[in-house]
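Both complexes below contain subunit A, partnered by subunit B and then by subunit C.
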Partner chain A sequence: MSKRRPYVRSMDGWWKKNPFYVEYMIHEGTALFIVAYSIVLTFGLVRLAQGEVAWNGWLEAMKSPLSIIFHLVLLVAIAYHAFTWFKLFPLTTPPVVINGKKLESGLIVRSGWTATIVATVVSFVIVWGIAA
Partner chain B sequence: MSEQKIIEIEVLRYLPESDQAPRPEVYKVPFTDDMSVLQGVQYIKDNFDGSLTFRWSCRMAICGSCGMMINGIPKLSCEAFIRDYYPKRISIEALGNFPIEKDLVVDLSGFIEKLEAIQPYIIPKEPRTVEEGEYIQTPAQFADYIQFTSCINCTLCYAACPQVGLNPDFIGPGAMALMHRYNMDSRDGGQARRMEIAASEEGVYNCSAVGYCSEVCPKKVDPGNAVNINKINAGKDYFLRFLSPKGGAK
Partner chain C sequence: MKTRKRSNAPIFWGLFGAGGMMAALFGPVMVFITGIAVPLGLLLPADTMSYPKMLAFAQSFIGKGFIFVAVFLFIWHAGHRIFHSLHEVGIHGGLVAKLSTYGLAAIVTVISGVALLGIGF
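This part shows the complex of A and B:
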């Protein structure tokens, strides 16, 4: 008779066992803040469709201290999500080969950030232009 | 002569014939600065308890058999040095996410099955006769897959992957890296056959991009990248199959 009795260890609390996993869980968790922000924006769009009074009410609500604090929290959480997302960029993208050389991962991360910053500045300028 | 240094090594022991569950045991091991953790474990076996069971062979980070959790991190024990942990205690345990067979030895049969399943050999596009001569491969074509040939099947990446722990059927990073190695080989034509596995329930979509597999890989294979590239490939295969009947996924 076989004396084998392979022991399977429990996965309970696995994500607390390594700082790498903790970072992963926070990264995944902060995605919820992006959902929250998109709900806020969608709600704004609904109010806009309902006419001027509704829209102005929404704008006022956005200016309340509570809303500003909420948006600051969102900003921090989403910035963290973006930071860790870009860190994973080289893991998830196919290798980029230029002149027979593979692009090193640091450069992939930096080009991701550059694109983000450029896009942010451009949207700022456009919105600024429309508002002015 | 300087004083003999002593390190405490805590080993998670499991003797299936007498233990209900694994239990830690601490040994005080004298060591010199050139000693690896593997040598520390060998010292325990030779001097304190001959029943301590573990796997090793090359002692030079190439056979891939000496993997252990060292202070919770999957590492090749022949490549980890006691001096780097001293004076703190070292805790060692069998590789995570695998069933423990005995002490530091895990049951690798599931991994071996996965390795077989991905058909890790060249499947020629069409039969080739001896008269036709050898395959010609350019340095650029070679560069496409060389990184993924470095895998030594140490399974550290499996021990690093929580998705493997949560779903033991997941093909996992190492085997996926090898699958990608053959898919990327210009001599190979087996991509559609392997796609059945890549796109299956045990396949790439179990991966949630934790990325720790690539972090712990001692050979810089970047198995996580292989898995994620194949998510894209499996996605393409799924959608393109409507246009071309050649896609492999069912």
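This part shows the complex of A and C:
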């Protein structure tokens, strides 16, 4: 064991010192909520495979106030994921050049948000159509 | 001749990107339908997720495919993102970090896949 003990600066709370980093940690943190939702759905699939009684139990559990509040939190977090996912698109995708001009970043972001709105409405109408 | 080991990073980044896109497009509406609208009986018919309807959906090719792709991509997207974000809180890779992110993703993939196969066609 070396006797040398160099000073290593602590990482505790580094991101709290700058609003930009706070936002970064929040948008990275949305992944925790996506994990949670994926696990909720997986539980549902297992209950569905186990038969009608098990499935109805899962449906009842989804009606509990705690579950509703939890899903409201999930909705906010995952909607925020959608918002930031497309907001960062001009940085995370290769530049698109049309007629020698770089595609304006604002247009890329707005197209993404529009795509989410379209996907939301279309999904809702399809589910409504299947159910009705 | 020296054989070079190809990096597996593009696979994980690919799943991250695809899952992030899937969650950005369909995540909010899925949470709203399964977690809020159906349990509270809002906007959608009361039996939208009843056993016969859900079974029929999960047995259809499109329904089964959509459910699997959503669950699978969500967990691999999030697992990859959390694995990389762990650096931000001072956890720099390692077996525990991998098991709790990619390992969890693999477990969820297997359980959801087995359940969907068990539901039948």
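Here, the second predicted complex is superposed on the first by the 119 of 132 C-alpha atoms of A that agree within 3 Å, B and C clash if a C-alpha of one lies under 4 Å from a C-alpha of the other, contacts with A are read in each partner's own complex, and residues count from 1 in each chain.
Simple rule for what comes next: a contact is a pair of C-beta atoms (placed from the backbone, for glycine too) under 8 Å apart; a residue touches a chain by one contact, two chains touch by 3 or more.
Computed from a predicted structure; not experimentally measured.
J.: Touch test for A:Trp15: subunit B only (first), subunit C only (second), both, or neither?
T.: Touch partners of A:Trp15: subunit B and subunit C.
J.: Name the contact category of A:Leu75: first (subunit B only), second (subunit C only), both, or neither.
T.: Second partner only, subunit C.
J.: Regarding the shared-chain residue A:Val127, is it in contact with subunit B (first), subunit C (second), both, or neither?
T.: After superposition on chain A, A:Val127 lies in contact with subunit C alone.
J.: Once chain A of both complexes is superposed, is A:Leu41 in touch with subunit B (first), subunit C (second), both, or neither?
T.: second
J.: Scan A:Asn56 for contacts with subunit B and subunit C and give back first, second, both or neither.
T.: Touch status of A:Asn56: second partner only.
J.: Per the contact definition in the header, classify A:Ala115: touching subunit B only (first), subunit C only (second), both, or neither.
T.: Touch partner of A:Ala115: subunit C, not subunit B.
J.: Looking at subunit A, does subunit C or subunit B touch more of its residues?
T.: Greater contact footprint in residues on subunit A: C.
J.: On the A-aligned overlay, A:Ser67 touches which partner chain: subunit B = first, subunit C = second, or both, or neither?
T.: Second partner only, subunit C.
J.: Check subunit A for residues that touch subunit B in one structure and subunit C in the other, and list them.
T.: Shared contact residues on subunit A (touching subunit B in one complex, subunit C in the other): 11, 15, 28.
J.: Mind listing the subunit A positions that touch subunit C in their complex?
T.: Interface residues on subunit A, with respect to subunit C: 11, 15, 25, 28-29, 31-32, 34-35, 37-42, 44-46, 48-49, 52, 55-56, 59, 62-63, 67-68, 70-72, 74-75, 78-79, 81-82, 85-86, 112, 115-116, 119-120, 123-124, 127-128, 130-132.
J.: Please output the residues of subunit B touching subunit A within their complex, sorted ascending.
T.: It is residues 14, 16-17, 21-22, 72-73, 96, 99-101, 107, 140, 143, 162, 165-166, 208-212, 214-215, 222, 224-225, 228-229, 232 of subunit B that touch subunit A.
J.: Where on subunit C is subunit A touching in the complex?
T.: Of all residues in subunit C, those touching subunit A are 19-21, 23-36, 38-40, 43-45, 47-49, 51, 53-55, 57-58, 67, 70-71, 74-75, 77-79, 81-82, 85, 88-90, 104, 108, 111-112, 115-116, 118-119.
J.: What residues of subunit A sit close enough to touch subunit B in their complex?
T.: Residue positions touching the partner: 3-9, 11, 14-15, 17-18, 20-21, 24, 28, 88, 90-95, 97, 100, 102.
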